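First chain written, first letter: the chains are A, B, C and D, and each begins at residue 1.
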Amino acid sequence: MEKNIMVSNGQNESTTQGWEPRIIAFFCNWCTYTAADLAGVSRLRYAPNARIIRVMCSGRIDPQFILDAFAKGADGVLVGGCHPGDCHYMEGNYKALRRMQLLKRMLKDMGIEAKRFRLEWISASEGERVKTVMNEMTESLRALGPLGLPKKFEEWDREIGILEEEVLGKEEAVHA
Amino acid sequence: MQLPIPQTVRADEPTHKIEKMKNVVRRIKFESELDLEFGERIADKAYGQRLLSCIQCGTCSATCPLAHYMDYTPRKIIAMTREGFKEEVLNSLTIWLCASCYSCTVQCPRQIHITDVMYTLKREAILMGFYPRRLPIPVLAREFYKRVLKDGRNTESWLLISLYLRTNPFKMLRESVLGFKLFVRGRLTIGKERVKGRDQLHSILKHEKGGNTI
Amino acid sequence: MKYLYFPGCSLRSTGRAYEESLLAVLKALEIPIEELDDWNCCGATSYASIDETDAFALAARNLALAELQSPDETVNLIAPCSACFLVLMKTERYLEDYPDVSKKINTTLDKVGLHYHGRVDVRHPLDVFVNDYGLENIAKRVKHPLKGLKVASYYGCQVVRPFKTFDHSHYPVTMDRLVQALGGEPVDWPLKTRCCGGSLTGTIQEAGLRLNRLLLKEAEKRGADIMLTCCPLCQHNLECYQQRINRIYEEEIDLPIAFFTQLMGVALGLSEKELGMQRLFKKPSLSHITHPKGAVVNAW
Amino acid sequence: MHGNGDNGSIRIGFYICHCGHNIGSVVDVHAVAEYVKTLHGVVLSQEYKYMCSDPGQELIQKDIQEQSLNRIIVASCSPLLHEHTFRSAVEKGGLNPYFFQMVNIRENVSWVHTDMQAATQKAKDLSRAAVQRVFHHKALETKHVKIHPDVLIVGGGIAGIHAALTLANAGKKVYLVEKDPTIGGHMAMFDKTFPTLDCAACILTPKMSQVKNHPNITLWTYSEVVKVEGYVGSYTIGVRRKPRYVNEALCVGCMDCIDKCIYKEGKTPDEFNAGLNKRKPIYIPFPQATPQLVVIDPKTCIEFKSGHCKKTCVDACDRKAIDFKQKEEIKEISVGTIILATGYQIFDAKRIPFYGYGKYPNVYTSLEVERLVNASGPTGGELILRDGQHPKTVGIIHCVGSRDKNTNRWCSRTCCMYSLKLAHLLKEHTDAEVYNFYIDIRAAGKSYEEFYDKLLDENVHFVRGRVAEVTDWAVRPSEEGKLIIRAEDTLIGVVRRVPVDMVVLAVGMEPQADAQDIRRLFNISCSTEGFFLERHPKLAPVDTFTDGIFIAGACQGPKDIPDSVAQAGAAAAQALTLIDTGEIELEPNTVFVVQEECSGCRTCLTMCPYNAISRDEVKQKAIINEALCKGCGTCVAACPSGALKQNLFEDEMIFSEIDGLLTMEQEACC
């Protein structure tokens, strides 16, 4: 399973054109980031598509971060925190959960597929889990294809520009 | 490497045992004689995943009700499969003696689905035509397969008859008494059980075929 | 909710008594059932040794048919024969565990207008009687309590292994509890689930017979008057080969082997004919139970 | 205040580490260094073999001064490992340590990826993100907290005892809390100890009494920690002292009350003797119990159940120590550091029905046998089975509840050796034939292998094979009335049926039943098996992820006595280092309020689990109590006006990181 992934990666990256999903991962310092370290120490191999940003607690993760990541061209965002009840700061992860639930709905309305955003509870001991999640997410994003919000934005801007001109044109006509 | 066959299995051939004793059995294995991918191949099949994690504890053999009739205990079969002793494994009686009671599967501390591995090996053996000739079990399996392929249901009387015809007709005489007893109690039917939607069934099985294994 | 019923090939020949008694008892307990239309062989153990996907496709057809036939959210499909019970259940799990295979099998099913959605729940009659219908309800209907009858319950392998659906994989008690509810005395013996050798009695008799010999001897040693089975093949092996075992190994085993449904029927007051008692090689002497007043033994 | 780079331009120094081959073999370090050179603000970008080495650190210091760098980035291993190292290097260089940023390209890149191109690309992205991040870094003051010199030790087994004595002898005040009425733990129950075969009691009881009499140790048995507040250096601990119904100050442990109890015979299974005999409702766990105090078990005592007891015990006590009115009390203490030595529990053999524990009377657990062969045990050391027989053949089954995915996956490490020990003792006591059924013999300790040799010479049978079943099903006359052990002799390759009189189950070690609660209470982590998780498997084996809390003994994983003692010593030493340093540095990652932006909406107040945020009703603004703030930043994410900011994790920093990670660069390959 994971072997295949590595292989496919290998090909995709060695060939300059092959598109690769880009994932931004926000990990809490105490559980998930530590688990990622453990994965490293245990030399587990996983897909190289995610870039990890460390925060002290999943409670620190502002939904804006995630939206920003998508807006700037991430194809998927992964949030990792301690298991419910295990938060280093007692209940930060619950707060995170509440926010992310809301965010999920929002993303849905924005037409961003559910699979592009993932919230995972991974404890410090679950290096294996980091590996599976990274691989699963990469795979599912490969299946979904690029999100490419930045491009979409440009198009929208252009369309709006055209609209404006039309409107202005009409108004001028009216004034005349 | 010659295959030592427990005499219990060939009770109907008394001479056999003596010959075996005269034979000198060569007990050395050269790496070049092994099929090193065999283990992984088997592990890739359904429910074979954990095969390679065997620690050779022997729980399977100890819990197996048929282990004492096997030429290799189930544990050995796993070890040999892993190490690529393909011929020995596929020629062994062990895989055919497995009555799939799943005792080993349930007790294995590594949660290896041993019974399913045995199935995989049986299929491998038939595919490669490796299984011991005149050993009734594969024949039974094959006859059963054909019968169901044909009628969609199995009729035990006919199954047994065809089995004995193909293995040991004399045995049929021995069984006929029992057969009669069953018959008078209405427990053996002469009329064959059949499925109505046979064509449907056949098309299903045809579609399934990746080349018929028989 | 209605139960669907998958008889399986054996219950149409060697295991006829099983079917007859089962249906009689279900009727007596007013448990509604309906036979699965045009069911086909489950594939059994032999089939899987020839071709795996075929074996599963074969079983899958039955599951698909069951879904067609029943409107229920989860279709309760009763399979009395251990082999059928296991193979059908295994197919169900297998199609879950291996989505790609299930896709493959379903595409072929689709071609003949069938599809399996995973709604079927394969059930064993024991499970249905004890856990759905309930022991106390059964006890209420007992007419002839099996007073003082020492019963060794033999489950065989495939009802409890490898899937622990309703009891422990090596030390089950469901049948024993049922016997108790019927007023009988369950015999606690260690070989409840030890394999009878299945088809080995027909292929490699030496092995097959020895296994059965061990079971029979131990049951007798523990003082059993009768042994109950819930599988046609086990019953066949244990009963029909007793004479041969005695001859070959110089034993004097003399133990009636009945289907648990038959004894249920007796306790519920059904006639021996309804329960197919006449099909047994050695019919258990239960006159003291059916005619408690020590009246004349019914003749047949 | 160190020099900070806010005034004037940003001058970034970037260093990337080969870490020998660890990074260099997967990431094209040179390419990354070259690439970073091209980024805005970077004055210097260079690679080095080992950045964490002294020369590596001096390199940074030198450059800071010579090139007047005001931002430092090191791309190497995980910040959890070396962030501190480099920060202090930066500080030595005369720059505020918080102008430093670390990039993890080992644990997160080179160790988890194989494709060089992809790995290098990832390393570049991460470095670019760091470069953009440091623009927003600020000079910060490191927080220091005083370390309270007192220590709390939870668990009075051999590990707890050893740690307590070590610290107490170093002149530190120690609170030792034990949930049972006596200290001693499992070791007190053992007969002899492997491989030296010296008696457990002889070496343990002296230490126990030392604990009792040590001026620096406050011993609270029959007590449990119920509250843990605060942080490293100043924890506030609540301890519940269960009522003994015996006045500790008055009782001298003469046990007259026990003899006079209206129960002539014991009624309840004796915990200390593994339930092999019965004890009275008023009892003392065992003769050398420490402290020497009787306990009344309210669950079985008539007075508590009916209230109509003659109370013969009260009359028997001339010191009037018995007090049925006694209530539980909650003690509150302040400590600076904590050592958890809560030990293990043995595997419940009933979970493997195949071995017939609880069904066949002559099947015993190893712990029961320890008591059975012990001179002070229920049979006075004479080996009498539950059915009154003396065993002539004994089967010891290894790995019961170990190395088994159906129960516990791990190896319990001690079973092989104690099985050998028991084999020796059983032979010694009964001269019986002893069979060991094992999967592998693991005798990897000092003079353990030699002990194994000794057993082989004593002609103990070793059958390599995991037992499938223990049954009373006899197939041969010789097996009648015996327990038959069925296993494959894997070395010979045949299945064997061994009839025995006695079966000993070498049960494995498990996390305590309440390990999860304790973990939550003290806010530390557990490994997948449920044992307490150490900070680093090799380099920080007794530290936890919570500063000031250390672990020792079998609560961290299966361990024998020597290892537990060694670990206890280590934990004590770690605590001592903290205490003697007197204070500890804390991350200054606390939250502050930008007054003019705060609308006083109260959103943040509900967010903080530490009540660190209050509201100035006059100014109508939020106020942060720095001392209470732990720096999780949950409030920051919630603040609608963005008035709350977290040091080291300000929104700008994270946004710039995101931006850095995602901005495509020309020569990028994907």
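Things worth noting here:
Here is the rule we use: a contact is a pair of C-beta atoms (placed from the backbone, for glycine too) under 8 Å apart; a residue touches a chain by one contact, two chains touch by 3 or more.
This is a predicted model, so every value here is computed, not measured.
When the interfaces B-D and C-D are ranked by C-beta pairs in contact, the top one is B-D. Chain A and chain B, compared by their mean Cα positions, are separated by 52 Å.
Per-chain Cα centroids separate chain A from chain D by 34 Å. Of all residues in chain C, those that touch two or more other chains are 170. Shown for chain D are the residues that touch two or more other chains, namely 354. Checking each pair of chains for touch leaves A-D, B-C, B-D, C-D.
Across the complex, chain B meets chain D through its residues 55-59, 61-64, 67-68, 73, 75-76, 107, 109-111. Those residues of chain A whose C-beta lies close enough to touch chain D in the complex are 6, 9-10, 12-14, 16, 18-20, 22, 24, 29-31, 33-34, 36-37, 39-41, 43-46, 48, 51-57, 59-65, 68-69, 72-74, 85-86, 88-92, 95-96, 99, 123-126, 131.
Those residues of chain D that touch chain B in the shared complex are 354, 399, 403-406, 439-440, 464-469, 486-490, 493-495.
Taken in their complex, chain B has these residues touching chain C: 8-9, 11, 45-47, 65-66, 69, 97, 99-103, 105-106, 113, 115, 119-120, 122-123, 126, 136-138, 140-142, 144-145, 148, 152-157, 160, 163, 167, 178, 181-182, 185-189, 193, 195-197, 200-201, 203-205, 207-210, 212-214.
Touching chain C in their complex are the following residues of chain D: 353-354, 471-473, 475.
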